[in-house]
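In what follows, subunit A forms one complex with subunit B and a second complex with subunit C.
Moving on to the complex of A and B:
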């Protein structure tokens, strides 16, 4: 007994439908079933981020009665309160005054260091490790270190006084300087690593070419390296700014939590932990995000004016 | 043509050397370059040709020696003050600047007045025929066009010397031929003095007035393309100049430069280039085009019997790979296509079969002399 299968043209069925696998046919419509594996992650994102975030925004428009009574503004009473009460309003300026200079310093200080560490030399690895090591330290450890090293009774002050260079100890912690130092210690390694990698993406022969064309080192930096590095600098600035803007532990541990380092994160914490005013705490947190986004948007806008193509020399 | 070459009489390299951490990348380069000359530095990778170029450009400091233009010492000048134009292998165009601005860069560094700058940039761009692309970024150009921009950028400064570091090696074969002509044309029109680094012997032979063949940081031979091509001084240069057949044999008899070499079942009359004595181990070098397949039936006395192994069609003739009874492989040319497996007799004119000493350490001898000299001084 033998049945002869009817001859078929490959790739088509009797009914004219494609013989391609389901996966293939779905792919033609832009559907990739393996993306279904992302589902658990998406669920978690919703449960742990999107929902709480939306809930927080919801909270901001459900102000406590006493806030409404004091500042008015109906459901927007929290926002009205934030911008009317100098105690809240000033924290924006206080945070900016810390985060902007710290981010700027980290970026600007990283450029020459990354530049110097670009070539090959003995001890490069050790030096790089040393510069990047603070990343591994937690903020609390950094703060603790700062207190021990730079506090009124710290090594630095004791040493300087013992040698007779100063009579009174320097006030380096529990104020603006302390927080600034802490932000530099934790932010610099990030900035340095990022800028190093951006710098290594610039073909060294570009500099050699500029040299043979008669450009001094400053002209080479100003006319060739800087324009090619600028988008990287902007990105690095954004990242270190965001890190610095949300400063919280060091503002409390090595800062002046009621005075010059009364940053927004502290204000949110205070509303949440001390006044048990969740709606107000959420408002501060949301406004933190809004202000960060505004700064990032400005920097990105500026960045969009730069040349952003290849920096590999072949154009 | 308004763009001109900067003028000088001679550029003299004396005992130029460069070492990297104890390794000599370049030793004792002595060379006098006359104005208007096109010099090619030729050698395999790692021979020190790029090191020599970078030393000339000032991108690498010298470890020994001096470089002078006329009587001015320039090896102590920083690269940006030498006023040489350089064309890089990867073009090294500034990716964020338009073609015009790339070309204008060097002039701006020299604070050339705006009106003159504009005029000179336009001329340089016209010279490399890129008028239609002046406002584009390098990334929007093809490889050949980028190469032209790099050349325009170097020559717009009217440099005393143009240095080119394998400028054609990133281009495809056809474009390479066109650019070769182009570079030669610009060189001749402007009377430029050019030092050109390449590993491609054909490129060097076709473009240069004089060739400098390097090996392991040492100069092997300096001469006109014809000299280097027809009378290489050692087997290394011969190897580089297309003497593809290299056989290790022994000298059977020697009468001045007329020698008979034998070994591996062969016995041939040949011409000794270096001094050899009977019994010396030597290297016999022959170009594929000098070894012919004898016409059918004819088996001249001094022929090499062999079996055809591979036949390739090369347009006008056939490149044939043959193997001898003792297993040596030879490359020869033939007007007709022999059958694979066919027994053939190969003939070569004794004056086209060159005999070199096996060891390149003729240099060794001079090294001893050099050491002695160092002791003396």
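Moving on to the complex of A and C:
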């Protein structure tokens, strides 16, 4: 990746000056001076993304002396520490236990909702707007709201107790449930938006044809909609999973930051900001990326077993 | 869609009755979601105006003092100034860097195009903490830590690819014949950009800019990693107030800050929805990430 991209852009500029025929031949293959327009973006990405990333990977094999002393493993001491120390190792499981169900719930819940809302009806735009609203709320405000609304003294528990559904207030915040709720509130609208746009891309005439041939509601869904929607479902799952996987503020604010919701992002930040152990922080951060990409790769692999091709375009 | 439902009705009313429970489940889900949404929003608003609120349905006394108190205590004039400055700088820079790149990706084929696209996609797929921590380390090494410049730079990392990914399909929609005609009439690249493309691109740039603005104002993780007391944006300031020394700050102070934050966001959102249709925009993003 890093070898091809930078070589090309400056190369085209240098070659452009040398001979006219070469310039012409390069232009035929799509290389000419207008490619310089890519230069700012490429330079920027290298300076602020590729270089720090490589630097971070380099840092992971330069562990602090005390880590080496405690865990051994030479230059790989950080990795040894991560996988031997249950305090670090368990955070992987904790993150997964939170992110996977949350992403799955968001995707599965938005399918029926998007399905019901895809027809035309009064106030559709208003309802869609309301469903989109939480995207702008941000995790910090959602956290503060959950603390007040779903806390022991909050309206939710008060209402449920007054109605007589429960005797004791539910413990909904400062634990797993709190973070899960916050992930659903911020992730569901996003999943809903994506799924509705995928659904609107499925040609209604396909379904109409199935109906004329006598397919029941379930058959239509199972045989027509689902196969066409599956790639979209996979993409939506990936994007909501990415959001849920890097959860950080809500895990601290409405979660139990030392126990149930001690997610990897929190561990990485703790090493970075509190222990000032940059190599360890980078190790956790990079491993976070690796694990996330592994999950994405699995989903993509699963997706590749489905129908590949256009979903029929809009309308 | 409506026509299909009509075709279906002569088959008998039984199916409609049978379909009803699923409809109810869907509406129930949506209702529960809205109960939480409205509950969360309104309890923060009520709390921010409450003199004290503990163990009752509604606070006994209302006051607007918390806003003034929060404004003084957290120096919100400065925080708001930083938030605005960072947001505007990120929007302008990411549009300036991203749009030319998007133009090339939309119009041209060149060797390594897929690689470049992948490179631009990476910061969107990888969790912010993963590249944020190495990036913040580099920033601190260069002595940029806790400066506004660092906050702007880290926020550009996801914003530039975002602009590229939203603008590429938008530019693809514009008929290339218009540009070719301009070139035939002797327009230079600069003329084509300023006189032909810019007016056509304004709606797309506005949409991308507003989304970048929303993301930047709401971005917590990256800003938090590099900002210090004098370069905190509003979200980070709220987070710090919520976590400071065992929650010593009064809850109402945090709530009033959160209300200010939501109000800012709502203003941006209302403006945004005048220019863009959210579903349509996501569909465009989707198209770009598929190829």
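Throughout what follows, the second predicted complex is superposed on the first by the 280 of 315 C-alpha atoms of A that agree within 3 Å, B and C clash if a C-alpha of one lies under 4 Å from a C-alpha of the other, contacts with A are read in each partner's own complex, and residues count from 1 in each chain.
The rule is simple: a contact is a pair of C-beta atoms (placed from the backbone, for glycine too) under 8 Å apart; a residue touches a chain by one contact, two chains touch by 3 or more.
Because the structure is a prediction, the values reported are computed rather than measured.
Engineer: Just to be sure I read the superposition right, which of the two partners does A:55 touch: subunit B = first, subunit C = second, or both, or neither?
Structural biologist: It touches subunit C, and subunit B stays clear.
Engineer: Please indicate which partner A:130 is in contact with in the superposed arrangement: first for subunit B, second for subunit C, both, or neither.
Structural biologist: second
Engineer: Just checking: does A:70 make contact with subunit B only, subunit C only, both, or neither of them? Give me first, second, both or neither.
Structural biologist: neither
Engineer: Check the residue A:203 against both partner chains and state whether it touches subunit B (first), subunit C (second), both, or neither.
Structural biologist: So A:203 only meets subunit B here.
Engineer: When the two structures are overlaid on chain A, which partner does A:224 contact: first (subunit B), second (subunit C), both, or neither?
Structural biologist: In the superposition, A:224 contacts subunit B only.
Engineer: With the two complexes superposed on chain A, say which partner A:145 touches: subunit B (first), subunit C (second), both, or neither.
Structural biologist: second
Engineer: Which partner, once the models are overlaid, touches more of subunit A's residues, subunit C or subunit B?
Structural biologist: Ranking subunit B and subunit C by residues of subunit A touched puts C first.
Engineer: Is A:97 touching the first partner subunit B, the second partner subunit C, both, or neither of them?
Structural biologist: Neither subunit B nor subunit C is touched by A:97.
Engineer: Which partner does A:211 contact after superposing on A: first (subunit B), second (subunit C), both, neither?
Structural biologist: Both subunit B and subunit C are touched by A:211.
Engineer: Need the overlap of the two footprints on subunit A, from subunit B and from subunit C, as residue ranges.
Structural biologist: Comparing the two interfaces on subunit A, one with subunit B and one with subunit C, the shared residues are 208, 211-212, 314.
Engineer: Considering the complex alone, what residue numbers of subunit B touch subunit A?
Structural biologist: The touching residues are 57-59, 79-86, 88, 90-96, 105-106, 109-110, 137-141, 146, 153-154, 157, 163.
Engineer: List the residues on subunit A that touch subunit B in their complex, please.
Structural biologist: Spelled out, the residues of subunit A in touch with subunit B are 203, 205-206, 208-216, 219, 223-224, 227-228, 307, 309-315.
Engineer: Write out the stretch or stretches of subunit A touching subunit C in their complex.
Structural biologist: Answer in residue numbers: 1, 4-5, 8, 29-31, 34-35, 37-38, 40-42, 44-45, 48-53, 55-57, 59, 109, 112-113, 115-116, 118-120, 128-150, 153-156, 158, 181, 185, 188, 193-194, 196-198, 200-201, 204, 207-208, 211-212, 217, 232, 235, 242, 245-246, 248-249, 252-253, 264-265, 268-269, 272-273, 278, 281-282, 284-286, 288-289, 292-293, 296, 314.
Engineer: Given the complex with subunit A, which residues does subunit C contribute to the contact?
Structural biologist: 1-5, 7-8, 15, 19, 22-23, 25-27, 29-30, 33-34, 36-37, 39-41, 43-44, 47, 54-55, 57, 96-98, 100-101, 103-104, 108-112, 115-116, 118-120, 122-123, 125-138, 153-154, 156-157, 160-161, 164, 189, 214, 218, 220-221, 224-225, 235, 238-239, 242-243, 251, 254-255, 258, 261-262, 265-266, 268-269, 273, 278-280, 282-283, 286, 289
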